[in-house]
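The two complexes that follow have chain A in common; it is paired with chain B in the first and with chain C in the second.
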Partner chain A sequence: MKFAIPVLLAVLPLAAQDIKMPAGLDRLAEKASDVVDVSLDGALLQLASRFLSEKDPDEAHVKRLIGGLKGVYVKSFEFENRDEYKESDVDELRAQLKAPGWARIITARSKRSGENSDVYLKTDAGQITGLAIIATEPKELTIINIVGSIRPEDIRDLGGHLGIPKIDIGPVRNDKDKNDKKDKEDDK
Partner chain B sequence: MRSTSMVLAACLLGAASAQAADREFTEVVRVISDEFHTRPTSIPMFGLVNVFAAAVHPAGTRHIDLAVFEHLGSHDREGRNLSDAILSAVGRSWKPFVQVRSHKNGHEETVLVYMRQEGKDWKLLVTAVEHDEATVVQLLLNADALARWMASPEHCARHWSGDQTE
Partner chain C sequence: MMDDFERQIKDALARKDPSPFFEARVLAAVKRRAEERRASARMWWASAIVAALLMVTGSAWQYQRTMREEAAGKEAKARLELALKITSVKLQRISRKVEGI
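After this line comes the complex of A and B, so read on.
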């Protein structure tokens, strides 16, 4: 029982997240040279927005974006060497993002830099209720879960704020229809 | 004579404020003490820091509780998972805010930052554990100071851990 308490406490902050970080990521953390977790719930986000200026156009824009958010959760891993993690390490996470309500809407791939980003959107009754990003580089893995009303194109503006890294998701290419079809085929 | 009385009063105030440290701060210090079989380093006249903080609010900080452990490398470890033990000691009333774990050049470094609202102010409980030293800091911050943390949580956490490379 006494071992259950830390486990329960560890799970509690995840309760507000749309996605559950798989246990396999903890094993990945042991291999990583750097692991960073940032958790900001709705109350903290609203507090943060109070300090952004309405007069500065950029800050005013970010302030409006934060106004619609209920939580920001960022987990990033950095490795000493290339290929210390496998694509399969995030398979469990990607499986969650195939659940009803989620759709992969952007896929960005760079053969030159090896940077890949997938952006998933969660909708409920036509309203955006969350967003998830899995960004991979040869020596880095970043998972971002934003809970609340956010548009994919606003991600760039939030980058650099609230612990959200600046992520180049490339030219926005809407993959929703194509991936819906592919995911259904994969599920068969 | 008067200045001596003021110093004495400051120390007494400092001692009083040290006793007012939250149970969770004390628990985290105990967890590290138990893990490394050692006690925090005594910091002479630290009470004066809080007299200063209460009066001047440097960088938006109104109160500081601090425990520093040194020469941890020379102590035998209990071998528990320190992050889990600290998480358990902190409890549910504190929100996890930032966690940084680093394993570079054979040295492990962990920074755990928890947050709790107290009226209009916010408390941060920062625990930084490195190979040879550990620091536990509880800060009572005004909203301006907290906003700085939230603008760049990872940078602030690394700053407190002494890693200036970011």
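After this line comes the complex of A and C, so read on.
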């Protein structure tokens, strides 16, 4: 009983995180040239929210957006060379993102650029309660987990605001060649 | 009757020598009162200084707490913006690919 409360307090952030990050990711962090590791639980989100201005339209929008969130977790690794990580490094993670609860809503694969992305949604009684993204590129691995009520398009549409770059999404058929060219440039 | 009254008056107004050590007792009482006043003033000043110190310490602690909280809040906001930026860019790139198919 004496240890129950500390153990509970230690486990709560993991519970809020919704999915468990594989321990192997720490090894990847050692190999990566650049690492971004953002871990914001409900308390930190509330704290951040207090510093978002109601007067600034962009910040007010984000404030409303994060109002229904319980956690935001992002891990991104950039490597000097290709294939410094294996797909199996995220297998443990993918195994957690399965029904019931989770559903993969988008899979985008590019053999040319080697860029693969999966978007998962967690629903409960018809309400979205979580979002997860696994994006792999030959030199980059990004894992995103957002816990709480969120619509992916709300975050996507932040492009062009708050210093977030806006990527032209429009009808791409005509721009496909241009995009292909950009992909090739990215690979270089 | 009148003689008795006059005698009483005379006795009451008659010059009498003070009791032994009267002067010493008066001076001691005066000194004691002065000592008490000084002690009371010292106690008042000590209380005022302690209260002022408590106020200054409390204000400094509150200020530091506010500063720490502000720094933590600004850092959390910056981390949130970074997380949203990464997520938004990824989702935009995925959308572009999906729209491009």
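What we mean here is this: the second predicted complex is superposed on the first by the 130 of 188 C-alpha atoms of A that agree within 3 Å, B and C clash if a C-alpha of one lies under 4 Å from a C-alpha of the other, contacts with A are read in each partner's own complex, and residues count from 1 in each chain.
Here is the rule we go by: contacts are C-beta pairs under 8 Å (C-beta built on N, C-alpha and C of every residue); 3 or more make two chains touch, one makes a residue touch a chain.
From a predicted model like this one, the values you see are computed outputs, not experimental measurements.
In the overlay built on the shared chain, the residue A:A32 is in contact with chain B alone; chain C does not reach it.
Looking at the shared chain after the overlay, A:G163 reaches both chain B and chain C. Of the two partner chains placed around the shared chain by superposition, neither chain B nor chain C is touched by A:M21. Set against each other, chain B and chain C differ in how many residues of chain A they touch, and the higher count belongs to C. Using the contact criterion defined above for the overlaid structures, shared-chain residue A:L40 touches chain B and also reaches chain C.
Contact with both chain B and chain C is seen for A:A48 once the two complexes are overlaid on the shared chain. Residues 36, 38, 40, 44, 47-48, 50-51, 162-163 of chain A lie in contact with chain B in one complex and with chain C in the other. Remark: chain A residues 36, 38, 40, 44-45, 47-48, 50-52, 62, 66, 72-74, 76, 106, 108, 110, 115, 117, 119, 133, 135, 142, 144, 146, 152-153, 155-159, 162-173, 175-176, 179 touch chain C in the complex. Put simply, chain A touches chain B in their complex at residues 5-6, 9-10, 12-13, 29, 32-41, 43-44, 47-48, 50-51, 80, 161-163. Of all residues in chain B, those touching chain A in their complex are 84-85, 87-88, 90-92, 95-104, 115, 117, 143-144, 146-147, 150-154. Contact residues of chain C toward chain A in the complex are 69-70, 72-74, 76-77, 79-100.
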